[in-house]
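Going in written order, the chains are labelled A, B and C, and every chain counts its residues from 1.
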Amino acid sequence: AAEGGDSTPASPADSSYETLLVSREDNVTTITLNRPLKKNAITNQMYNEIIAALEEAAKDESAITVFTGAGDFYCSGNDLTNFTKIPEDGIQEMAKRGGELLRKYVKAYIDFPKPLVAVVNGPAVGISVTVLGLFDLVYATDRATFHTPFSQLGQTAEGCSSYTFPKIMGPAKANEMLLFNKKLTAAQACDLGLVTEVFPDSSFQAEVWSRLKGYGKLPPNCLLFSKRLIRSTETERLHAVNDAEVERLVERWTSDECFNAIMSFFQNKSKL
Amino acid sequence: AAEGGDSTPASPADSSYETLLVSREDNVTTITLNRPLKKNAITNQMYNEIIAALEEAAKDESAITVFTGAGDFYCSGNDLTNFTKIPEDGIQEMAKRGGELLRKYVKAYIDFPKPLVAVVNGPAVGISVTVLGLFDLVYATDRATFHTPFSQLGQTAEGCSSYTFPKIMGPAKANEMLLFNKKLTAAQACDLGLVTEVFPDSSFQAEVWSRLKGYGKLPPNCLLFSKRLIRSTETERLHAVNDAEVERLVERWTSDECFNAIMSFFQNKSKL
Amino acid sequence: AAEGGDSTPASPADSSYETLLVSREDNVTTITLNRPLKKNAITNQMYNEIIAALEEAAKDESAITVFTGAGDFYCSGNDLTNFTKIPEDGIQEMAKRGGELLRKYVKAYIDFPKPLVAVVNGPAVGISVTVLGLFDLVYATDRATFHTPFSQLGQTAEGCSSYTFPKIMGPAKANEMLLFNKKLTAAQACDLGLVTEVFPDSSFQAEVWSRLKGYGKLPPNCLLFSKRLIRSTETERLHAVNDAEVERLVERWTSDECFNAIMSFFQNKSKL
């Protein structure tokens, strides 16, 4: 663990992950989604690895944890091929298992005890956007976009966004994203309070990591206790929202509306 | 009901309303306040007709419901002549009945199950502004203004605005409207999150209706369930706020402060 | 008390305060922090005098209460010399007493019944910033800045800011202030909703006092009841947040992290 500060070299902290890179340096643990050829779309394996990496980061000696993506994309959201392998026990059971995994995934963000920073290095879609409301800071390149096309895909909000987005930006703005598939630019997301600050892509990495290095030197217990004060007033509410969102999505995943919308998505894709 | 989509002609859905126009087209139900000569001020009859029209729209086959005004005004708020006909059983009983009607009116917005869109075609005053916090989208022409002159009229906030406005824009901004009678421009209301987007008046209707037509094609259950997820975390709170606001207004309507303020309003008006 | 309106001369309402000026004019009570040579840093005596002045203002006949600072600073926050006189009964007891005083101080803002307006005449630091989330309006000169360097000083949020700041500006913006010591300009604080409006320093006092004089003429019960409606939905929550923040700070004040951070602060200061 990187207690020593400046002199600690960046090093893979745990090579057991297949879909992530995890490193620790300057009291900062960085979790990098590492499927750049698939725009970092999240497979079931990846959900499980992220949950494990967050659990590890919560316990290590870093002061803050950073989440980012390898390549040009931040994350293209749930890998829709998660839905294409229908198992022997049928679609109902697959939906239940998917719901349980999603519930556990979002819970890992709600309960994460240290400051969690998103370094949004490119376009973000779906669940990689919705959980941003559970992050403590969100830095974005001006190439980033933010898109949650739930109703286009016959689905409904997750990641506690049905609660955090209206709280952050008010319902009149949040519903454009949550109900009506609006894609935000980085500047728009920053105006609405979903993003902390936007940087030109050319200086993005340099500026952001210089700040994060500084944050890593702050008294770690202060950061821990400050986040706990802020989060504790709504932890219970967030868990209830997560449960309600997952329950609804499990119903959605077995509905005709959702089936038709996803079929239509793949058909349009194959036509291109 | 307009299940057929594009080919369905716009048609009055119910001709039983005297103060409203209600039409259905492209899975969109539109409720239009139709007292343009009175700037769409809301009479007691009109409150009851809007409640009935919302109940109808909740049950019809449309995907979304739109609220707008006929003529140059969106709505000038509560028709103050509602206060000038003092009935035989006295002002206390009139205040109680007015409160009960208001409570029922705001309740209709809190409980409305489908996405509810305000198409603010001109200036909005009083209760037509305060209930906007209960809408899901608010599109405004750049001619629109937003004004809630409660304390000027000796009254207090309604439409759940004592809760929704501080939540949307923070108390430092909300109190200028709720306590100190500030009139917002459309651009200001948009910056503060009360309005989703502002359009030049010349293209307002065309742009807004083109979007709404698109929204009407989205999977209706998705919209219904998404709104339910968003609203359900605060339904109980909203009803409690509505009750508290109405109770205070019933007291206000029988107070000297309010009586003097409304007298002064009519005197200034008659001087013009 | 200043019931008479325009003709009432500004006059010290209570000369028993040593660290404050309190005056009443035009139905407005003004509490002025009066240690300009110390940038209005708040000593223990001053906390007690402000609590007393707020209690008095709550009961007097004014319609609104204004809070401002004498000289070029609004307030530089907690006077850190409060920490340097370690009493005979030790640092633990000092921390407990400090916590009790802080709890009572913030409680006075939570429970204040009338509209409370901050006239931020210059830089604001620490607790003078955090309690702004409990004010009803915040007017600022463009010379004002807003800074809450908690973690730099080994401390954590107070003044209910761990709840009000994320509610007002969303966590992505609030955490820059609460966790990462970001200093905001007046314009930034206004964009984020912490400040109602910013004025050029040259016209600040004239413009603000002209408005406040107008507000003092509004029906006082309206203002009182409107504020009560707005505040009542979260009074209980605010008291719980205040208690949790104070409990954490009492722990912080006796921690090595905090001791080291404050020592470092005084050492850097003495080097200048």
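In the analysis below, contacts are C-beta pairs under 8 Å (C-beta built on N, C-alpha and C of every residue); 3 or more make two chains touch, one makes a residue touch a chain.
All values reported here derive from a predicted model rather than from experimental measurement.
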Query - Equivalent-chain rotation between subunit C and subunit B, CA atoms, steps of 5 degrees - result: 120
Report task. Note whether the interface between subunit A and subunit C is symmetric in residue numbering, meaning over half of all numbers used appear on both sides, and answer same or different. Result -> different
Query - Rounded Å distance between subunit A and subunit C, as computed from the means of their C-alpha atoms - result: 36
Report task. Would you please write down the residue numbers of subunit C that are in contact with two or more other chains? Result -> 167, 169
Report summary line: Contacts from subunit B onto subunit A in the complex sit at residues 115, 132-133, 135-138, 167-169, 193-196, 215, 218-219, 221-223, 225-227, 229-230, 232-233
Query raised in the report: For subunit A, which residues count as touching subunit B in their complex?
Result: 150-152, 154-157, 162-163, 166-167, 169-176, 178-181, 192, 237, 240-241, 244-245, 248, 251-252, 255, 257-258, 261
